[in-house]
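Heads up, there are several structures right after this.
Look at the two complexes coming up: chain A is in both, with chain B in one and chain C in the other.
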Partner chain A sequence: MAFSKEEMLGMYRKMLLIREFEETVANLFSQGQIPGFVHLYVGEEAVAVGVCSNLGDKDYIASTHRGHGHGIARGASVDKMMAEIFGKINGYCRGKGGSMHIADVELGFLGANGIVGAGLPLAAGAAFANKYLKNNGVAVCFFGDGASNRATFHEALNLASIWKLPVVFVCENNMYGISMSQERHQNITDVADRAVAYGIPGVSVDGNDLMAVYEAAGEAVKRARAGEGPTLIECKTYRHRGHFEGDACVYRSEDELNEWKKKCPIQRFSTRLLEMNMTTREELESIAAGVKEQIKTAVEYANRSPLPDETELTTDVYCD
Partner chain B sequence: MSVGIIANPASGKDIRRLVAHATVFDNNEKVNLLRRILLGLDSLGVERVWFMPDYFGFYQRALDGLAGQGGLNMETRLLDMPINANQEDSRRAAKLMADAGVKCIITLGGDGTNRVVAKGAGVVPLLPVSTGTNNVFPVMVEGTVAGLAAGLVATGKVAPEESLLRTKKLIIYLNDQPVDIALIDAVVLADQFTGSRAVWDVGKIKQIVATRGAASNIGIASVVGGLRYISIADPKGMQVAVDEPGEDAPFYVRAAIGPGLVKRVPVTGYGMLGPEQRVAVRETPCVIAVDGEREIQVNAGERAEIELSLKGPLVVDVERTLAAAAARGVFRETRPPA
Partner chain C sequence: MQEMTYSQAINAALREEMKRDNTVYLLGEDVGVFGGCFGVTTGLIQEFGPERVLDTPISETAIVGSAVGAAAAGLRPVPEIMFMDFMTVCLDEFFNQAAKMRYMFGGKAKVPITLRTVCGAGLGAAAQHSQSLEAWFTHMPGVKVVMPSTPADAKGLLVSSIRDDNPVIFIEHKMLYGVSGEVPEGEYAIPLGQADIKREGKDVTVVATSLMVHRALAAAETLAAEGVELEVVDPRTLMPFDKETVLKSVEKTGRLVIVHEAVKTGGFGGEIAAIVAEEGFDSLDAPIKRVAAPFAPVPFSPPLEAAYVPGEEKIIEAVKEIL
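Our next item is the complex of A and B:
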């Protein structure tokens, strides 16, 4: 499809918003301003934005421990996300969940998840609900290469394929499960190969190419809405930062990191936009300035927000 | 008497599994294929085989299943080169193999893989084994047989004139500079990005230039083939002008533009191309797909042209090579097996 300038710059802005959000969180975490753990999405922005740009109101996404990018791509409020990461009461979980539990069901964001591979059956369930309700909605699950070794992956793909559920399984293959390189944790290099075992299409795409991801996800979503069942998309990508903030990354080399930084998805997309005369450097700088301001406002919002009161200790934790 | 092997670990996995019904060719199956190729080569007395290193590790895996190097009489070696996990690996490997004096390069991939290998192979003949998606250039051949054919060429048991074919190619010029080649077809698309590479939306096709075509082909060459059969040896090609979708085209060509993807392509005109004849790309900006993959982004104001050349890579004709070997008595022995 041909994109309008507005659409292209919209996707560019979203990737930049994720990058700025994550780099700001990294900075604040290093200053001790953020409690708990954070796993950052820097370098993988094209996957979340390329996939979520194909989704509508009735669709769901299920995320991972590295979920900030998915939330932002789905349209979550960066103010409320930042407040949640700060553990403040104005956050998505009223400050009790932190980074790995940010969710907004109204938005179709079934949440980040601290358990590796736990989003797969959740997405299959959401897809089942959509199919049952006949609302034409689809569900998307993001997960990593490591998660593709878990039983949840195989169970979810098995059920989804038997029941032809409208779900798209998006593997963000960033080459490492925590510190374990892919070559050490599975005897294949393309997670997409595993689709064959479930009789569904599996494709590998360059996860740092926004348009490659967009096209593959678009076709998979179309297929799901048409009642043709699930698809497995493997996006080959790389996280620029460690598994978690504070990770010394002794399991990978500087050279490898630098090679992947040259393939930065945001840089690649902006270069192409400039080549096409779709935008100007000034316009891109203006977008970047707006993004910076938006994240600054989010941090101020988080800082202003109070911590939960002691009396709230058990509120929203248990169901009545 | 050495042979090179370039196996593309990424072939057979792209979006055509989703937008068409293309075969998934997983890498473990390619490993089996490689073992059969090695055994075929070994049986004919090839002295050395060079492998391209790759991120999947075809070399080690293939040898693991053959009791390692000890399972073969010939020597096997891995090229000393970095792995970038992109198409540049195949081009560089082909160049290194040619420099090392290999007599034949066996490729595992589709049209796209062979296009890249051809850029580095120079005068070394290719034996292209199909493991990709759009496979006009490579052939469906059993691995053992491919190994035998390459072995016959490499050891000189069959002469080049009895085994090799000269193919054609297209040279893509951007602002008068050659920037790329295609072995089968170059397709001009009204597109903005290379994206997921494959071509499946007929509505975007503006022009087709091809070195050959048969109605039995899969991919854009089938559009050409639907108009006229052009063989691998015919010293000509074809250009086709494609109409806007929805316009009243003079006629349509029903063609298998992808696996399971039979489409009606609206044609406004077509013509034969002679050697060194250039076709101007009519509209920019556009994207040019070469051998089924969107590869070249042409910006507004740039000038692109596509030229037919009769100086494409040499390929091993498997059927003819084996027949020539049989006629020469290569397979006949009087000595009983040990």
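Our next item is the complex of A and C:
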């Protein structure tokens, strides 16, 4: 895989932007500045960035309750995302959706989703639309290991396989469905094995290795665009934070968390970039400083955005 | 005008809209080669091909879920759910996804789905193939609910439903498929949210939906011989609901009977009664009456099923109680 320096550093910056966004949200949430609740993507950044770096204008993604990373990787504005999380009128959804419903259909982002596993048939449908409209676009669905036990998983993979839909199903196996470990919630180790049941390729990759994710997704997207149908990709990864902010994580050990922190996808990628002599520590530090500034600006934007007026209550229930 | 059945009228509307708009496509269980469980989509796969008339696996979740994704991505899916009872297995896709997407996304998405489905008892299909669940869908902000009672209404309302940018549930009644009537040829669209007065009368307003419109009309005929004039109002769409027509009729008659095939408790009749109580109380000269199914699942045995579905006699009885 030959990448230019700009491309490599661009992906690095995106991962870092997600990390900074999420850590900032965690911080603000703990200070009581954010209403509702949030599910953060810290630790899984390589999946969103590795996959979305393969996508173009006509492509769609469907996301999950843990959707901030997917939105940022797809190119969503962190200002509007932050404003939405704050419940402000300048947010992506005019403050009506919040963290779990951030979406930008025009950007090809069919939304985070509050229902586990709901994105799979939506992505199959968006892929169907692209095929129907013959625009060469694909759709990607992100979902967790927990969602792979839902009926939506089975029905969407089956439908996509018989209709040869240009869709890529990306399972972010972070080893837990809320509190339930994978070994307790399913009798398999590799979610990718389930692809066999639909006669489609299933691959399992190290989800903390940006390049491995990028390559697996690239192959799947290529297959999809060539009319060869769906692929199931399993990315093995880990969420550094709880299921939601405030989760005491009684179901997992500190040791396990610390082991995974050592496998941080961002550190891993920066080490690789340095080893390849593609960048310098100074350059990486300067990128980090830029990212910090960007997120700071996003928080300022969210803070100074107005709250929605009560007249918003019943607008946009229907299209006129 | 052309004489055709309710089923043929729906078929004609689908055909015309598919011809008019390339983004309209059908999907569902057995809608293609088989022509639909009730034959409603007969001939469409031959005319439009398997790219636009898609047989699906028995996967209601994937049918509706994929329709939502496709609609958000620019198409106008017309999924069929073979029996309304099966909406339980795709309710998340319809209720949590399709219905809310526009609002949740701050008005920046549209989900133009027309979900066709079939309600009603009468075929001995028992508790899981005979229900009338329309009230559920009136409780979903973002969804429109359409229930045609005649072939002409079926055509005109289906055309409008398909052209509507919102998710619409279009509820056909299985016992109406063979009913014939005059249907306008060519372009014919009835705006959603306009009730139709199926028979004028001065004594009692009867608001009835779907198959019950026909039972109410039969009751009106019988009562006319006794000198009682019923005004039969068919709302045609429950969401949006044309309350003005109902309130105006009650203002004239002073009496209201509501008839639906769904169970009475939690049925849409309660909503209609509440609207009239809130906004038309002064027009009322007698208590409002509801005629509906008892609070029980739909039974199988023919005499039980016949007794379950409100008939002409029950409507007449209710009318006489408030005269």
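Here, the second predicted complex is superposed on the first by the 316 of 320 C-alpha atoms of A that agree within 3 Å, B and C clash if a C-alpha of one lies under 4 Å from a C-alpha of the other, contacts with A are read in each partner's own complex, and residues count from 1 in each chain.
By definition in this document, a contact is a pair of C-beta atoms (placed from the backbone, for glycine too) under 8 Å apart; a residue touches a chain by one contact, two chains touch by 3 or more.
If you're wondering where the values come from, they're calculated on a predicted model, not measured in any experiment.
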Practice task
Considering only the touch criterion stated at the top, classify A:Gly114 as touching first (chain B), second (chain C), both, or neither.
Solution key: second
Exercise for the section: Please work out whether A:Glu215 is in contact with chain B alone, chain C alone, both, or neither, and reply first, second, both or neither. Expected result: first
Practice task
Once the structures are superposed on A, label A:Glu20 by its partner contacts, choosing first (chain B), second (chain C), both or neither.
Solution key: neither
Exercise for the section: Check whether A:Asp145 is in contact with chain B, with chain C, with both or with neither, and answer first, second, both or neither. Expected result: neither
Practice task
Would you sort A:Ala126 into first (chain B), second (chain C), both or neither based on which partner it touches?
Solution key: second
Exercise for the section: Determine, under the contact definition given at the top, whether A:Leu159 touches first (chain B), second (chain C), both, or neither. Expected result: second
Completion exercise
chain A contact check, chain B vs chain C, more residues touched by chain C
Practice task
Identify the partner contact of A:Met276: answer first if only chain B is touched, second if only chain C is, both if each is, neither if none is.
Solution key: first
Exercise for the section: Within their complex, state which residues of chain A touch chain B. Expected result: 2-3, 183, 187-190, 192-193, 195-196, 201-205, 209, 211-212, 214-216, 219-220, 223, 231, 259, 272, 275-277
Fill in the blank from the handout: Interface with chain C, chain A side, in the complex: residues 60, 62, 91-97, 101, 103-106, 110-111, 113-115, 118, 120-130, 132-133, 139, 151-152, 155-156, 158-159, 162-163, 315-319
Problem - Interfacial residue positions of chain C with respect to chain A in the complex - result: 23, 25, 51, 54, 56-57, 59, 61-62, 64-75, 77, 92-93, 96-97, 101-110, 141-142, 144, 164-166
Problem - Contact set on chain B toward chain A in their complex - result: 9-10, 13-15, 17-19, 24, 26-28, 55-57, 84, 190, 192-197, 285, 297, 299-300
